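Below is one structure, written out as structure tokens; the observations come after it.
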Amino acid sequence: MKIFKRFLVATCSVALLAGLALSGCGDNKTDETAAETTAAAEETTAAEETTAAEETTAAGAETDAEAETDAETSSANADVATLLPDGVLKMGLDDSLPPMGFRDEKNEIVGFDVDVAREVAKHLDIELELVPIDWSMKQQELDAENVDCLWNGYSWTEERAEACALTKPYMENMQVLVTMADSNIQSLDDMAGKKLSLQEGSTAELALDDAAEFKDSLDEVVPFKENVTAFKDIEAGQTDGLLIDSIMADYYIAQQDNPDNYLIVGDPLAVEDYVIAFRKDDTELRDLIEATLVEMKEDGSLGAIATEWFGKDITTVGN
Amino acid sequence: MDWNSFVTLLPAFLQGTWMTIRLFLITLLFSLPLGMIITKGRMSKMKWLSGLVAVFQWVIRGTPLMLQLVIVMYFPSIALGIKGVNRFTAAGIAFIINYAAYFSEIYRSGIESIPAGQLEAAKVLGLSKGRTFRRIILPQTVKRILPAMGNEFMTLVKDTALAQVIGNIELLKVAQSQMNRTTSMVPLLIAGVFYMIMNGAVQLIIAAWENRLDYYKG
Amino acid sequence: MSKTMITVKNIEKRFGDLEVLKGISFEVNQGDVYAIIGPSGSGKSTLLRCLNQLEMADGGDVTICDKVLLSTDADGNVHYCDVPTCRQIQLDVGLVFQNFNLFPHLSILENIIEAPIHVLEEDRKSAVANAEALLEKLGLPDKRDAYPYQLSGGQQQRVSIARALALNPKILCFDEPTSALDPELTGEVLKVIHDLAQENMTMIIVTHEMRFAEEVADRVIFMDQGIIIEEGTPYEIFNQTINERTMRFLQKIQNQE
């Protein structure tokens, strides 16, 4: 199957190669193209650039002040210089996963993961570049080196651990069943013969596969591209329950005029860990970020961010 | 979503719209002439060339545009080690190649629908091949294919939404992000209105063009 | 003896296995009006199209206005003249089509002046003046700025004759010029051809109009199945023929009328 896939991709690509060569993406022009790309990438993410720039200035000023007093930081900086020669950490994220990473009312990217990443960048005296990607393309974006890490409510799975270098968990997440309060579905068992919606490509799918008994009891599983449309579907009564990250369910329900209309049913179907993914061979960078998170947990800055978003420190770094 | 938040979001929507419009214009700018080159190859008397072009058309028209976007974006870096492919450039290349393949077949059907007598009349009058194409065949072809091209242009406006698959923040992506924040479908409806306005303009331009060519029949 | 304009010797044409012309020979002198008659599929249109280079002949020799269009050597290989000569011959021989083939997107005037300006490189002013004179002569003085679809079939055919004449051809060919016309419109086109004959224009006319052929032609060729069955004066063909096939054909046509 894998071989066939590769063959298919190769075949389809042959025709496109000619076009690529024409457009100046050929080997001999790689340097030029790369330079152009950096400039253009900044342009396309103009909205974030402003934020990032402000951030850098602030970070720069602070680091100057701290540089002489904090020996640990300067030793870390030496590592950073070799691991990230440009001094930029490119963070790949889905900008539509509140509250971990999403667009605010000014269309700027905010969220818990974004704030934590900014704090990490501040600690390491590097610049953070937010790269919003299509979440279903995350592995390709990482492999193509368009981003340095995937960091956006990214759950640990065996397959992912195989493909990437993952940090230790920094937060716990649960796959929960959400129903409409008036639907009389009080437990997972009540879903027997009913329709379940979920976000395609999310870990909800994996959790469901692992809970074979529950899955078999369902009438139908309806995948949606986004959680919001999946929510609309249970509101419309098309499907009876939604399997979703508890953190996202909490956010969605809190946004509604009548939060009481929704019910998070009984026990979670699965408990997962949020981690950060790096390229398989980028373990040194992974270790550095991991160490910085531990540092932040100790100096209280991580807890402060968590409290800001969730009301208490629910992070699990160092546990 | 109330009026005030709409006003705050307007710049973001306009930014996404601008990306959509740029992609639309760049695609047309290059795929319209490229399509003609492909048509020439397809209609060539050299069998190997015409066959090769037919295979190319089959590959491009026979596979999803989304797949082509992904290949253009990630194939060079993952398979060939060419890093830093620009997202917008990649989207442009995929769209140009895809639309040129469709345009080329519309061109061909248009050219082949011109009665052979037109070519014969031009030949008997001694007109050169170039002059015959520019003055006799092309203008009549344009009139015949305009409705089909109008369809393609309007589809292109909407197809630009696919560019988000390789990380381009176009109009629909802006709307989807806002939908996830506000947990409301209104941003999608707003995007719908933006698409309607753009396609309204496309429709008006095509109608005006058709009107201009309405001075003759046949 | 007037000058020979066209010499055709043993011209052959095949479409795949189908032999359409099986060795046709004739000569046209200056000022002659030739009418070619015969049943459908007899090869008369193909003959005309070979003379106008719309089809490539597979054998024979053709000389037009002292220029050799094609010749066939002893081994049966056909040699066409070089491109400039071909082009020159093309301009010497005009062709009027059954379906007019006017350019629908160009006005009547633009249809007529296109070739004079872009092929003969006449200046626009004289080309327009010439075109207006032709329209006047063919009875269409007020149609200059009209488009083909606004004209009747008979008027369109007269415009296409004007378009051919604008290049000052030495020979004018007609490929069933009235076959696409309603019966009441054929008269106006035949009158134009008749007038051209009066002016001593050399013409070859493929036609189904027997009475017209009889009246206007100097010579009549009867073709069937790719060969010339009979050639002669209209009187000889229409009144004195003893050839069975010619008689049968004429009989059939008469019955139809």
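Order of writing sets the labels: A, B and C. Residues in every chain begin at 1.
Just so we're on the same page, a residue touches a chain if its C-beta (ideal position, glycine included) is under 8 Å from a C-beta of that chain, and two chains touch if they have at least 3 such contacts.
What you see is a predicted model; the values in this text were computed from it and never measured.
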Next on the checklist: So with touch defined the way it is at the top, what topology do the chains form here? Options are line, ring, star, complete, other.
Outcome noted: line
Item to check | Leader among chain pairs (count of C-beta contacts) | outcome: A-B
Checklist entry - Most remote chain relative to subunit A, going by C-alpha centroids? => result C
Checklist outcome for this item: So, in whole Å, the Cα centroid of subunit B is separated from that of subunit C by 46
Checklist outcome for this item: Per the C-alpha means, the centres of subunit A and subunit B lie apart by a whole-Å value of 33
Next on the checklist: Just the number, please: Cα centre separation of subunit A and subunit C in whole Å.
Outcome noted: 79
Checklist entry - Going by the touch rule set out above, which residues of subunit A reach two or more other chains? => result none
Item to check | Of all residues in subunit C, the ones touching two or more other chains | outcome: none
Checklist outcome for this item: subunit B residues touching subunit A in their complex are 5, 8-9, 11-12, 15, 19, 56, 59-60, 63, 67-68, 70-80, 82-89, 93-94, 96-97, 164-169, 174, 176-185
Checklist entry - So in the complex, which bits of subunit B are touching subunit C? => result 115, 117-118, 120-121, 123-128, 131, 135-136, 139-140, 143, 213, 215-218
Item to check | subunit C to subunit B touching residues, read off their complex | outcome: 52-54, 87, 90-91, 94-95, 97, 99, 101-105, 114-115, 118-119, 147-149, 163-164, 167
Checklist outcome for this item: Per the touch rule, the subunit A residues reaching subunit B in their complex are 9-13, 15-16, 19-20, 23, 25, 27, 30, 33-34, 36-38, 40-41, 44-47, 95-98, 102-107, 131-134, 136-137, 140-141, 143-146, 226-228, 231-232, 252, 255-256
